[in-house]
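Input: one structure, supplied below.
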Amino acid sequence: MSQRTRQILTSGVLLAWALFLWWAERNLDAYYVRVLNTAAIYVVAAVSYTLINGIAGQFSLGPNGFMALGGYVVALLILPLAQKEMGWILEPLAWPFNTFSLPPHLFPLAVLAGGIVAVAGGFVVGFPSLRLRGDYLAIATFGFGEIIFVLANNLIGLTNGAMGIKGIPNYATLWWTWGWAIFTIWVVRNLAQSSFGRAMKAIREDEVAAAAMGINVFRLKLLALVVSAFFGGVAGGLLAALISTVSPTIFTFTMTFNLLVIIVLGGLGSTTGAAVTAVLFTVLQELLRIVETPIRIGPLQLPGVSGMRMVIFSVLLVALMLFYRRGLFGRSEFSWEWVLGKFRQRGMASASDQSGNLEA
Amino acid sequence: MTLETLVQQLMNGISLGSLYALIAIGYTMVYGILRLINFAHGDVFMVGAYTAFYLVSFFLLPWWAVVPLTLLAAALLGMFIDRVAYRPLRQEPRISALITAVGVSFFLETLGIVVLGARPKGFTEYIPGLFARVYDLAGIKIPGVAVWVPLLSLACLGLLLYIIYNTKVGMAMRAVATDIETVRLMGVNVDRIISYTFALGSALAAAGGIMWAFKFWQIQPLMGIYPGWKAFTAAVVGGIGNITGAMLGGFIIGLAEIMAVAFFPDFSGYRDAFVFAILIAFLLVKPTGILGESLKEKV
Amino acid sequence: MQATSREILKLERVTMNFGGLTAVSDFSLDLFPGELVGLIGPNGAGKTTVFNLITGQYTPTRGRIYFEGRDITGWPPHLVTAAGIARTFQNIRLFGGLSVLENVLVAYHVRLRATFWEAMFQLPRYNREERRMRQEGMELLRRVGLERLAEAEAGSLPYGQQRQLEIARALATGPRLLLLDEPAAGMNPEETRRLMDFIQHIRREFNLTILLIEHDMQLVMGICERIRVLDYGVSIAEGPPEAIQKDPRVIAAYLGEAEEEDVVG
């Protein structure tokens, strides 16, 4: 297939998606728009998360920490001054955030800043733990997430403590969230398929051999973590502007856990797989609300069990790891060749089915 | 700070540290053998505390029966987790078992919330008199927990060291930690030794869980997360894979945490951040920990 | 002490202790450009440790290592490779999940001039370099006879071809010194003969100095010009193949091992 054909196909799909979003913005009710937005944010977070976990094979538990950083940064940058004066009761908001508020058209700048601060966080946690072989990254990133929680609760002059920041303007439209989602997929997929991605995969497969091939193992691991942290921060920033509030309890380990389920289900090592399952997961999460709300089937009243969804997801994760490790996409990336190949197979299979029927 | 509060804080730090040490052992033994961070270990600690709670409050058993039953239950749980979730993944890349461990941990926590309720359960009325009373040591008042928790922990640790260094199973555990393949070739049932390791570590964590309940008077389904993470940090500080190191690390982390709060009360909200800082510092300066040797991969 | 630049590799009284164990003791070695030297010795004699010391996997407890006159003692592995030393491993360490071509391409990464920004945004310079790397990779596979398997998953190749690919991958780093760790392990005599031809072939074709560890005496005696014998971390003999075969110390070392094996067996 020529590059041109691929470009046309991709542009076609993007255009169709844009039309859908345009339609959705006008016709769907707020709940569905919000689900669509959430799905896009999960795409950003999951696709970048799979870069460090799936491509480079380094077990990070950092996304919730990175998302928290991005979320707070965006909140502090775009919160209207009136809110900044009223919201902080225990302690006034610290300089310089109490002096300005970015206007709507600078929202992308705020999101970018969120990503950059998350990158700094990535360095802090990655630099000490990635020089070492072994799984120190997991424990350090886990600690990092908890520490962000502690800081969010205690740095009241910045974060307003446990009360969190409310009234963040709702700048995260479908265009922004899906724009970022598609940008993330494009960039991370490019990186994963480039020479840098190959080097990361080599590290995943065999660190010693990778070093023997001249790969600077530490630097590439750090690169994977930092890029992943950047988009984590972006996702957090978008989330803050979507739900218009940030507080320590929003960015708990549960967030990271959900993302882990997504990337394992998608196939560890497939960035496009992560994108598809991120959307699936968002929908699944909404559908499963049913187990947490009381339902009545005829005379039978089933109580909803709050927290049940998380039990289901943890069982799902363990089951996936034990019985379906390759996930939906394995390590393959989405490509038009693959899709058309599937169609051809399908076509041939159905053709042979028919011929079989005829013979019978 | 008066002498009295200093002594009290020291005792407090030591008793907290001894609990971290009890949990850290399980992490370090499993890591030493499988290079696996058993994320579910902190939740076994939680299950231990709950088991004891129900045995004593619902089944109204006396403590001399509750303790062995609890340790046994935790040991079985540890073995079960290994058998079901980790053993099938031994030949897979390490990240597989790690992800599964996170899954199991999250499962125990969320199941705990659903089944046991998110609200803490009060332990106050069940605490044995020995732990509840206050001792008077030359005019300095010292709570029973601060005396008995470290002593009982040390007894447990002593027993563990005895098992590790003086029994056949302990010898096999050490051998497996040194070179799993060679030991396998010698005809030792490696999986069974690993199973025992989980049992031993889990029982110690449960012992820690019970005493944690004595010390802090209440239990809840997420109680294992922070102590678990700090205990793992303790294992790293002491030198991951090294049992004596894990004990030492536990005491260091416990004391450091309490002392930080004691000397800087204004920053008491940051006590967990302080432990994180210790972890990062050790990773930067002495990643092998105090007693650890570098775990060089064989080439 | 200054090493003369005539030797391509010079080990100067290198010692390696692990805890209380001395794996390599006071080991010196000079390799000259274009040589093919064998390093032999009973199991556990410290041969692989010597390789790990040269390639920076371990840092020697004492002694110095020079490559082309430069002191490379204690350099991390990736810099040693960049300096021009490549190696294979005793227990083949391919990137099993990657394709044959990708295995080779990983070695070209160090030479990449484009930054990760250019790779991320698929800018022209990166794309050009990627195309060139692929061409070179295919060319290299052609030279070692693996081009038809370029897209196959490395882990799925038969054993002999995995060994071959591992050598090809090492060649892709553009080495002047190649260290082969038991390249004939697990091969039958016919495969070993072919491997010998292959080693001779790449040595000429890529202008290499080769140091190899091997148990297979057919191979060692067949192609090495000079042989060094290690026993318990100590160098016990050196010389041309014919002399080594007759050396009483070497025979004793190997006989000792055979007796032990008999006892164990």
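Read from first to last, the chains carry the letters A, B and C; within each, the first residue is number 1.
Quick note on the criterion: a contact is a pair of C-beta atoms (placed from the backbone, for glycine too) under 8 Å apart; a residue touches a chain by one contact, two chains touch by 3 or more.
All values derive from a computational prediction rather than experimental measurement.
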Highest contact count belongs to chain pair A-B
Find the chain most remote from subunit A, comparing centres computed as mean CA coordinates.
C
So, in whole Å, the Cα centroid of subunit A is separated from that of subunit B by 33
How many Å are there between the centre of subunit B and the centre of subunit C, using C-alpha atoms for each centre?
45
Residue list for subunit B, restricted to those that touch at least two other chains
299
Residue numbers of subunit C (touch at least two other chains):
57, 89
Enumerate the residues of subunit A that touch no fewer than two other chains.
204, 208
State the interface residues of subunit C toward subunit A in the complex, per the touch definition above.
55, 57, 76-78, 81-82, 86-87, 89, 93-98, 102, 105-110, 112, 116, 119-122, 126, 129-130, 133, 169-170, 172-173
Can you list the residues on subunit B that touch subunit A in the complex?
35, 37, 84-85, 88-89, 92-96, 98-100, 102-104, 106-107, 110-111, 113-114, 118, 225-226, 229, 232-233, 236, 240, 269-270, 272-273, 275-276, 279-280, 283-284, 287, 295, 297, 299
State the interface residues of subunit A toward subunit C in the complex, per the touch definition above.
187, 190-191, 194-196, 198-199, 201-202, 204-206, 208-217, 223, 227, 331
Residue numbers on subunit A that touch subunit B, as the complex places them:
53, 57-59, 61, 124-125, 127-129, 131-136, 138-140, 142-144, 146-147, 150-151, 153-154, 204, 207-208, 253, 257, 260, 264, 268, 305-308, 310-311, 313-315, 317-318, 321-322, 325
